[in-house]
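To keep things simple, chains are lettered A, B, C, D, E and F as they appear, and every chain counts its residues starting from 1.
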C-alpha cells in the first residue's frame, strides 16, 4: 500500500520534490552522526543518501571515506529500508576525490623502504575500493541521480550503483589519467560491464574527455535523462516507490543474482539462482502477489512483510 | 542452391508469408505429436517452431515444458535442419508462464520438512532452466520473432535465442518481481550479456516496467524492428535462408564458439577455437566456397553436405 | 609539452594530415625492413603503422603475418612511443586474409594422417591468433582508423585494438562464414565483448552481412565517424596527441587493467588493480600532474619521463 | 534404525557377504531390464550396482553405455536409495572398454568429409563422458569396490566415484596411451584431483604402467585395502550402512558441495554453501539428530524422512 | 637477531614450553578484553592465541565468534607480530561448535515466512564463515597445534590455518553429518585442497569417522606429529621463531601468493606474482639477506624493519 | 621399434648409463651453440638436456636464461624428439639462481622513478617466469632427474616438469624466503598443485627448511627414488624409452590435456578433451596399436609416424 500512496503523491506533485519535505524519519541508529553524508527518508521504505559538502563541490574527503561504509552497513540491515536514492547536494554531483586528502593519504606514505611503502599504499587503496563496493554488498537497490559534473572518483562511485539517472546538464569525466594514475577504485573494472561500447570506454579512460548526458544515454551509462534536478529527483522517487512497493524478497534476490551473474558464466549463474530460489520460492509474498494479480490489483497495493 | 531459391522466392513474395504455406514437411520423427508447439518446414533446411496455444495467449503450461526439450533434441540431430525460426501463434508472442500451472507445480510442493520441500523445488526449477537452455545446446542458430507482448518467462526464453527480431507493436516485460520472485529461468543471467546497458537491465528487472520496440532496438535487445508480423516473418525467413545456404560446418561452429566465448575470457576462447578448428578447417566446404567466390558466385549457390 | 605542440599544430591544420609529412623518424631498429607495413612517426611519441599493400587492397599475406609480431614487439619496448595509430593505405582498410596465402598455408597441410594434419593446422592457427593478440600485449594504446572496406580478418584485427574510428564510407563484414569456416582469429571471441548487442553480433557472424558506419557507431563498434579519411586521420592524430601527452605510467597502466578487467570478475579486477597500483602510485608523474592542475595547466604541458 | 540393524548384521557376519543374499528388492521401475548391470538391494537404503559381464571380463560394451545413464537416473530420484555400492562380478573389476565396440563406434565413423566425421566423433565421445559423469550428477554417494584388474576406462569410471576401496590383488592401469589415444572419458581430468602426486599421475598416464594396491593406497587413490573381495564387500556394506543411517539431507548436501568445491575457489565454494544451507538448515533432521546426541544415541538409531 | 635468540632459547630448553612464561607482552590494544581467547607473546614477534574455555572443552560459543574477528584484525595490522601460533587450553583442542549456542542461533530463527527465515539464516552463516576466513585474510602465517580431540567446527578451523602440527594422541572428526547438516564453515571447501586423497576426504565427510594422528600425517593433513603437547608447543615455537626471523616482506608475500595460487590457475598465479613482486623486490631486506648470506650468517641474524 | 631396441639395451646394460655414449646426434639446428646447457640424444627420439655449469654448481646465470627458451622452442618442433630427460652435470642438480646475476639484473634496476623501476622489474620477472613455462608449452613430456641439491629456482624449475625422479642423496629447498623474497618463478604457483599436503607446502615455503628424498617420495614430489645417479639416469632412460615408443599423438595429447585439466574444472576439462579428440581419434596410430595389441605385441614394437 505504501508505495501506492507514494506514487499517487508523486504523480500529483510531479516537479515538487524537495529534500526538506522528505526528511520524515532520521536514520535508525546513527541518523545525525554523518557529516559528509545526509540521510533522510522521503517516503516509506525509501532512504535518501546525499553527498553533502556542497561548499567543496561534494569532494570526497576524510569524512566521506569513513562514513560511507558505516552508512551502508546500517542500510543493509535496516528493515525499514527497501531502496536507496543517492544524489549530491548543491551545484554538482561531485568533483571527485579531494586532492588535499588524497595527497596526504597517498603521497606521504610511510614505510622504511619501497616495499613497505607499497604495502601500506595497497592497504589504503583496498579500503577505498571497499567503500564503493558497499553499494553492491547492500542488497537494497541503489538509484543514483546525477546532476552537473561527475568527475573522477564520481564515476567509480556511480558505476557501482544499480540504476543511473541524470539531468540534461550532467557530464562525466574519467579524470584519473589527467593526474598521472590509472583509475583504481572501480571505473576500469565496472565501466566496461556497465556500457556496451568498449571503444568508448577505452577512449574515455585514456583521454579523460568529458561525456555529456546525451552520449551517456545513447551508450547506456544512464537509463534516463531529465530536464533538471527537480524533475530527476521526482523521477527517482517515483521509481524508488515502485521498487519499494514490490516484494523485498523478490527485489533483493533480483539484485543479488544480477551481480552474481555479471561475474559468472551463464551456467554458473543458473546453478546459483536455482539454489537461491529453492528457499525463496517458499515466501508468502508469491501467494499475496498472485492473489492481487487475480484481483487485478497492482503489486504495490499488497503489504509485504519486512526483510 | 536451396536457399538461393528460397531467397528468390522470399524477395519476390515479400509480405506474403503464411504459416500454412510453409508446412511442407512434418517433423522427421514426431511431427504430429506436439500440442503446445507447432513444427513446420517453411523452406529447405529451415524449421519453424511456433508457440501454439493462442487461446491462452501462448502461456507456458505443462505441455510446453515437456515438449520443448524433446522438440529441440530432435532438431539438434536432424540433418535436414540448419536453422530454426521460433515465433508465437495468435495475437501475442507469449503471456509467460501459465499461472495455474506454476501454482500447482511450485506452491503445493511436497516434502516432509522445509529442506525436503526446497530440495524438490530445486529439482523442478532446474528442469525449467534446462528447457530454455536447449536453445543453446542445439547447434543450429535460432531466430526468434516476437510480436505483441513478451512477458515474464517469455523474456527468459528469447534471451536464450541467437537472433531477436520484433514487430513495431512488440513490448517486453521482466514481470517476475511483480509476483514476488526473482526471475530464475534465465533472464537475470542472460539479459545483462545480451544488451549493453546495465542500468537499463537493472531498471527493467527491478521495476517490471514495459519496454517497447524502439527502446528494444536502441538498447540492442533486438537487431531489427518490422512494421508488422507478416513483414517480420518474411524477414525472418529471408535471414534463415541466408544462414541455411551457408556451410553448416561454418554456421554451427560459429554458434558453438560464440556461446563458448560469452562464458570465457578472450584467451580461453581463442584456445578453444584453435582446437575446434584444427579439424573443422579440413572440411570440403572451404574449397567449395572458395571456388564459388573465385567464380563470383554467392555462397548460397553452393551445395554443402549435411551435418 | 610535446603533445601540446602537436595539438596546436593539428588544430591549426585540421584536414591537412598527410602521411608523408608524418614520417619524421624511422622505426628505431628496423624501420626500413617491413614490406607489408609502413611505420612512421607523425608526431612526438606517436607511431603510425599502416597496412601497406594497396595494390592488393591491403590483403594479409605472408609478409603481414611475420612482420606484425616483430613490429609490435619493437613498439612495446620503444620508449619513444606512447601511442599507436593503425590504418590502411590506399582505397580501403583491408580486404582481409589473402586467399592465395591462406590456401597454401591451410589447405595443403602436411602430415601423415588426419591427426598430424590437424596438429599442424592448430600450430599455424595459433600463430595467426597471436598476431592479433600483439595489440593487447603491447601496453601502448592502439587507435585504429578504418576507411572503406574492413572484411573478414580485418574485423578480427580491429576488435583487438583499443579505440576504433571510421569514415562515413566504411563498412564491416564478418566474412568467414561465407567461405566455409568459423571466424577463428578473434572476431568470435572479441566482438561480443566490444559491442553491446548480442543479437547483432550473432546476426553479423551468421549471415556475413555488411554493416555500415552509422550502425557501427550506434552499436558502439566505433566511437566516432568522420566525413572522410583526411578528417579521420587528423582526428586520430589529435586523439593520439592527447594520450601521448599524459603520463605513460597512467596510460599504460589503464590499458593493462582494462584488458585484465574484461577477462575477470569485478572483485578479481579490483584485487589486481590494487596490487598493480601499490607501486605505480609512487610515480613522480602524480606530483607533476597535480602541481600542473593547481597551476591550471593542461596535463599535456607537463613533461613526463619515458617508460 | 535401519542401518543400525544393517550394521549389527554386518558385524556379526563379517565375511559372509553374498550378492545373492542382498537381492531383497528389485530396482523400482526397471529392475530386471539391465543386461550389462545387475542391480540389487543388499540392505535397507543401499543399492548395489554390479558390472555383470564376467565372461568378457566386464568389458564395457554397447549395453553398458546405454544402461548406465538410465540406471543412475533412476537411482538419483529413488527415495529408497541413500547410497550406492558399485563393483564388478567375476574375476576382475573390468578390462575397460570393449575393443570390438569401440572399433565399430569410432573407427568406422560416418561423414562426408573430415569435419563431419570429427563432428560425429565428438558427439559420441561426449555421450561416453556423460556416462561416467552420472556418478557425480547422482546426489547419492557411490562407493566403488575394486578387485583384480581395473584397466583403461575402468580408471575413468572409478575416479568419478566418491569413495574407492580395493582388494590386495587389485591393480590399475591408465591404458589408453597404449592404444594410441589420450584418455578422454575422465581420467586425465579427474585423476589429478583425486590423488596427491602430480608426478605419479603423469607417469601413469604417459607410460601406462600398472599400479598395485599398496601404491594405490599410499598415493591416496583408494582409502582402504582389504585382503580379499569378500572382506571388501563386507567393508563396503558396513560403510554404506553408516552413510545410509545418517540424514540424507546432510549426506547428499555434503556430496553436492564437495563436488562443487573441487571445481571452484574457496570463496566461491563458501558462498554456494551458505546459499545451499539457508534452506537445508531448516530440516527436522538436525533436531532429531541433536536430540539423539543428547540422549547418547548413535545417529544411526534415528529415523529420518526420505529425500 | 630476535629469533636467533629465541631459537637458542628453544633449543636449550626443548620441552620446557610453558604458556605462563610466554606471556611477556599483552595484546597491543585489547589484550585483556577477550574471554574465549587468550593472547600472549611467548617470543619476539610471535603471537600465541589460545582457545581458552577448557571447562567446556574449548567449545565455540557466543564469545568465540565475536572475538575471533576482532583478535585477528588486530593481529593483521600489529607490526610487532610476524607469526601466530594457535592452540587449545586444557585437555583437548576443541569439541567444536557449542551445541547450546548453535541451537539458539539457528533453530529459533526469526522471520515471517520461510524465505525470511532462510535469509536470516544465511546472514548468520556467512558471519560464521568469515570468522574462519580471518586466518587467510591475516597476512601473518598461522601455525595451528592440535592435541586431543579436534571435532566438527574444529576441522573447519584448522583447515583455514597455514601449517598444522599435532600430538600423537590427536584425532580429527568431520562431525557435521552426524547432526544432520553438511559442514558449512569451510571443511567441505578447504579439506580437499589441503590433503591429497579425495577418496579419504569423501569418506571422512560422509561417515564422520575419526581419523588418528598417524593417518593425519600420512595423508598430509598435518606436517608433523609430536609425542605430547609440551613437545609440540616447543616445536611450534621453534618453527615460529624461524619464520619470525625472516624478512616479513618475504614471509607475508609468500602467504598471500600461496593462497592466491590455490584459487587460480598457474598462469593467473604467475601474473599476479609478477605484479606483486614488481614493488616487493625493491625491499632493502634482499640486500640485507644477501649480504648476510655472503658473510655466512643465518638469515635469522639479520634485523629486518617492521611491516 | 626404436624404443624396443632402446629398452633392450637399457635392460641389458642397467647401470651403465653414460652421458658420453648418449651423444649420438647433435641438436638439429643449434646443437653446439649452448653454453649453459648440453644437449644430446642418448637414444632414438629421446633428447637429454643437461644443466652444464658444474664448476658453479649449475647455477642459473645469464646464459641459462637466454638459452632455455631457445632450446625448448627447438625441441617443441623437433619431429625427432618425443620425450626429454633433464638433469644436472657434476656434483649437484643446481644451486639455484646465480647470486651475481640476480644482483645485477634486479637490484640495479634502471628507471627515473619508483613506478618505472617497478615496471622494468616486472618485465624481467615475466621473462624469468616464461623460461620455466617452456617446459609446459613444449608438448613433449619432460622427465627431470635430480641428484644432490636442488635449491631455490631449482624447485621452481622441477615443478614445471612432468615427471620427477631423484637419487637417495637428493634434497630440496625452497630457499627464496631466506634471501628476502617470495618465490616468484613458479614454486608458489605449482608446488601446491604438485604435492598433496598443503601444510607441508606452506612449511617448506615459509621456513626454507631442507626436504630429503624420503619425504619427497612420501609427499609425492618425486615418483621414484634411486640409489645413485647412475641408476637414476638408467631409470630415466628406460622410462623415456617407454614413452618414446608409444604413439606421439597419444603421448603429447595426454600431456596437453593434463596441463589443461590442472587449471580448469572437470566439466571444462572434459569439454576441451572431447574437442581435442574429435580430430586426434582419427589417427592411424590407433589402428596400428590396436592391431599390435591383438597380435600380442608391445606398443613399443609399432612404428608410428613422426609428429
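Here, a residue touches a chain if its C-beta (ideal position, glycine included) is under 8 Å from a C-beta of that chain, and two chains touch if they have at least 3 such contacts.
The model shown is predicted, which means the values in this text are computed figures rather than measured ones.
The chains touching subunit C as well as subunit D are A, B, E, F.
In the contact between subunit D and subunit E, the residue numbers used by both copies make up under half of all numbers at that interface.
These two copies of the sequence, subunit A and subunit B, are related by a rotation of 120 degrees on CA atoms, to the nearest 5. Separating the CA-averaged centres of subunit A and subunit D is a span of 49 Å. Averaging Cα coordinates per chain places subunit A and subunit F 52 Å apart.
The distance from the centre of subunit A to the centre of subunit C, with each centre set as the mean of the Cα atoms, comes to 35 Å.
The set of subunit D residues touching two or more other chains comprises 114, 118-119, 193, 195-197, 218-220, 249, 262, 275-276, 278-283, 285. Interface of subunit F with subunit E (complex): residues 99, 103, 106-107, 109, 114, 117-119, 121-122, 125-126, 129, 133, 136, 176-184, 186, 188-190, 192-193, 195-203, 205-209, 218-220, 262-264. The touching residues of subunit C, counted against subunit F in their complex, run 112-116, 118-119, 249, 279-285, 305-307.
Across the complex, subunit E meets subunit F through its residues 141, 162-164, 193-197, 218-223, 239, 242-243, 246-247, 249-251, 253-255, 257-258, 261-262, 265-267, 269-270, 273-283, 285-290, 293-294, 299, 304. Those residues of subunit B lying in contact with subunit F across their complex are 272, 275-276, 278-279, 282.
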